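Same chain, two partners: chain A is paired with chain B first, then with chain C.
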Partner chain A sequence: MEIYEVFRRAGHKDPFEHVGAVTAPDPELALLMAKECFFRRAEGEHLWVVRRRDIHSLKDESLLRLPEGKEYRFPHAYRDVITLRKRARERSATPVEAS
Partner chain B sequence: MSAALAPVVLALADDELVLGHRHSEWTGFGPHIEEDIAFSSIAQDEIGHATAYYRLVAAHTGDDPDRLALGRAPSEYRHAIVCERPNGDWAYTLTRHWLYDHADSLRLASLAESKHADLAALAAKMRREERYHLLHADAWLERIARGPVEARRRIIDALTIAFDEALGLFEPLPEEGDALAEGILPEPSETLRARFMDEMSARLERLELPRSVQGRAAETAEFIASSSGDLIAGDEAGDGVDRPGAALGGRRGRHGPDFDSLWEVMTATYRADPGASW
Partner chain C sequence: MTYEDRLEAFNARIEAGDKIEAEDWMPDDYRAGVLKFIEMHANSEIMGAIPERECLPSAPSLQRKMSLCAKIQDEVGHSQLLYRVAEDLGKSREAMYEDLVNGRSKFHNVFHYPTRHWGDAALIGWLIDGAALVTQASLLDSSYAPYTRVLKRICAEEQLHLRHGEYITLELALGTEHQRWMFQDALNRWWLAIIHFFGPRSNPDKDLLLRWKVKTRTNEQQREEFLDRYVPKVLELGFTFPDPVPYYDDTTGHWAVREEDIDWAPLEAIKRNEGPETARRLEWRRRIYEDHRWVRETLAEAALHAA
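After this line comes the complex of A and B, so read on.
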């Protein structure tokens, strides 16, 4: 017996979504089981099962954490960009006093 | 209105109800959770089909579908005895499910040609819904037939008993002559039984299962031919021995003690308050 991850798509314009998993000896039975476990109330039009061991994942998921100093990857980092640019222009227009 | 319609459709309804009830006894005890859900769903389908048949009868006789399903005495039920047999182990349950759904599939294909328009339409609709049952039963049988030695042995043992019993599904009703004359039944039970034997022989061969499991079934066929009208229900001899023809009599309302206990449970709520609305 193997674990099969079950994906369901409500209609052909929707993305496939992961809905759960079933245990089955092979893909054919996995589909039959998934049909009964996840399509009991006409929830979708398309069904996929994928053997869990065919799904690859990172060994070290800490790689997915954001390294320091990458705030600029978020939109909020650009929230005040107009104000900041304006200020920068003003600064550059002001002659620098000789010391 | 045809007098043969009600008995014909009641026998179909009783098969589905009683087998659906047996199937439902697995709920919570299936071999694994996914199969538990799948098999329970099949049980619900069978009971749903029984409901549709009872409604068809009720529409023609003015009876109440609930009373037809749950308010009759055990001897008034016309299901084949194979449907009332206890579940035994998973091997027996599975082989009975396999045999029943293939028999039902042949029966529905035939009924879809009935001259009774409502029955024909209902049969056509059920045929579509039975597709999953066949996929499910075939998928299991195939895996177990080619599976480990013990599983294969148990499936062969179960088939040896269940095949014989399943032929009771093709036992003719006393009203069959009228039903055929009126075109309610497009074909005699004997034709369907022969078709079933041929089809299952081919399936057994493909599954590399011994066709000897049909051996006793063949004797039963002779039994029907040689002593029609005097069919023996299995438990009448009372010695608990399986013999050819032991699963006949159901279509005449003869049932065994297996059905008495099933009936007690199945009808208990209804009998507690027959007039109640649910």
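After this line comes the complex of A and C, so read on.
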């Protein structure tokens, strides 16, 4: 017997997401069991099963943490765009002095 | 089932708003059309990295250099997501790269133009990414489902780029007279190309991709949305537009440009891969492609041993 991880896609616009696992002797039965366990109420439009031992996982999760000083990858780094916009608007209303 | 029966069933699916997956049956013209469209999008993401890369040395601080680098990295990442989706339609990535560097496939018109200074980084980041976002957001409901799933991520990142672009634009708008000139100068040089970006008026009878709902909106609808969204923002910063000058149309309640004011000749030249920077940018791309050959070969070797 093998453990199969079960993934479903709720709609065509969604990514596959992990919903659980089943134990089965082969992929065909794993699909059948996954269908019976997770899809009794039309929870999605597509289904995958993947043998658990075929999944490779990252050994060190800390590698996913972002190093310090990379805030510019996030929207909050630019949040004062709203105050800048207001200031720029006010300034354009007054003539600009030559520098 | 004959080809005609299948085609009829396929058209009915599209008509009903059904989404198509890579493994579904599809007419040859649908496959070829979607492939060409996504390949062009992927090419544009990777070629778009080159003009922005040219702006890097003129970044006014290390912080701005790093944030622009991060943005360029995202664009290259988008091309990788898109090439993967295109590959599933039956063309290898190798063939797509080869066609790009040999001028056999296309990339977006705006990446065929030169950059001059940091004002270009602001303009590209704000208005060109803004134009791209209008197009990409309209594709989120495309009939080809694998494309829409990667576009979701792409659009999320483009939102951030837009913020970043507007931020550096505002810094220039709030800066010295010379800094304000930098943005105005970039706008003067890029405006016509941005109008071209959406393409000439669509012909829904001839455009198979519109009929099959791969594209959901016409070129002129997208151009109008862009003008409505950005023209007022540019004007309120005190900048002015060169030809074709946008005007507010009281009867439609939308911003517009007069079709007779648009000179399409530069776009026609770009379609023949004869834009001002086409040859130089493709040469850059070819050089990068050749310089990285050893990486591809090394990885292929590793795959051979793993098998």
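Note that the second predicted complex is superposed on the first by the 76 of 99 C-alpha atoms of A that agree within 3 Å, B and C clash if a C-alpha of one lies under 4 Å from a C-alpha of the other, contacts with A are read in each partner's own complex, and residues count from 1 in each chain.
In this text, a contact is a pair of C-beta atoms (placed from the backbone, for glycine too) under 8 Å apart; a residue touches a chain by one contact, two chains touch by 3 or more.
Everything numeric here is computed off the predicted structure, so don't read it as measured data.
Asker: On chain A, which partner touches more residues: chain B or chain C?
Answerer: Of the two chains, more chain A residues are contacted by C.
Asker: May I ask you to decide whether A:Thr23 touches chain B, chain C, both, or neither, giving the answer as first, second, both or neither?
Answerer: First partner only, chain B.
Asker: Using the superposition described at the top, list the residues of chain A that contact chain B and also contact chain C.
Answerer: none
Asker: Name, in rising order, each residue of chain A that touches chain B in their complex.
Answerer: 1, 22-26, 28-29, 32-33, 35-37, 40
Asker: Which part of chain B faces chain A closely enough to touch in the complex?
Answerer: Going by the criterion above, the answer is residues 32-35, 37-38, 41, 132, 135-136, 139-140, 143.
Asker: Which bits of chain A are touching chain C when the two form their complex?
Answerer: 12-15, 46, 70, 72-75, 77-78, 81, 84-85, 87-89, 91-93, 96-99
Asker: Once bound in the complex, which stretches of chain C touch chain A?
Answerer: So the residues of chain C touching chain A come out as 19, 21, 63, 66-67, 70, 140, 145, 148-149, 152, 159-160, 163-164, 166-167, 170-171, 173-174, 176-178, 180, 236-238.
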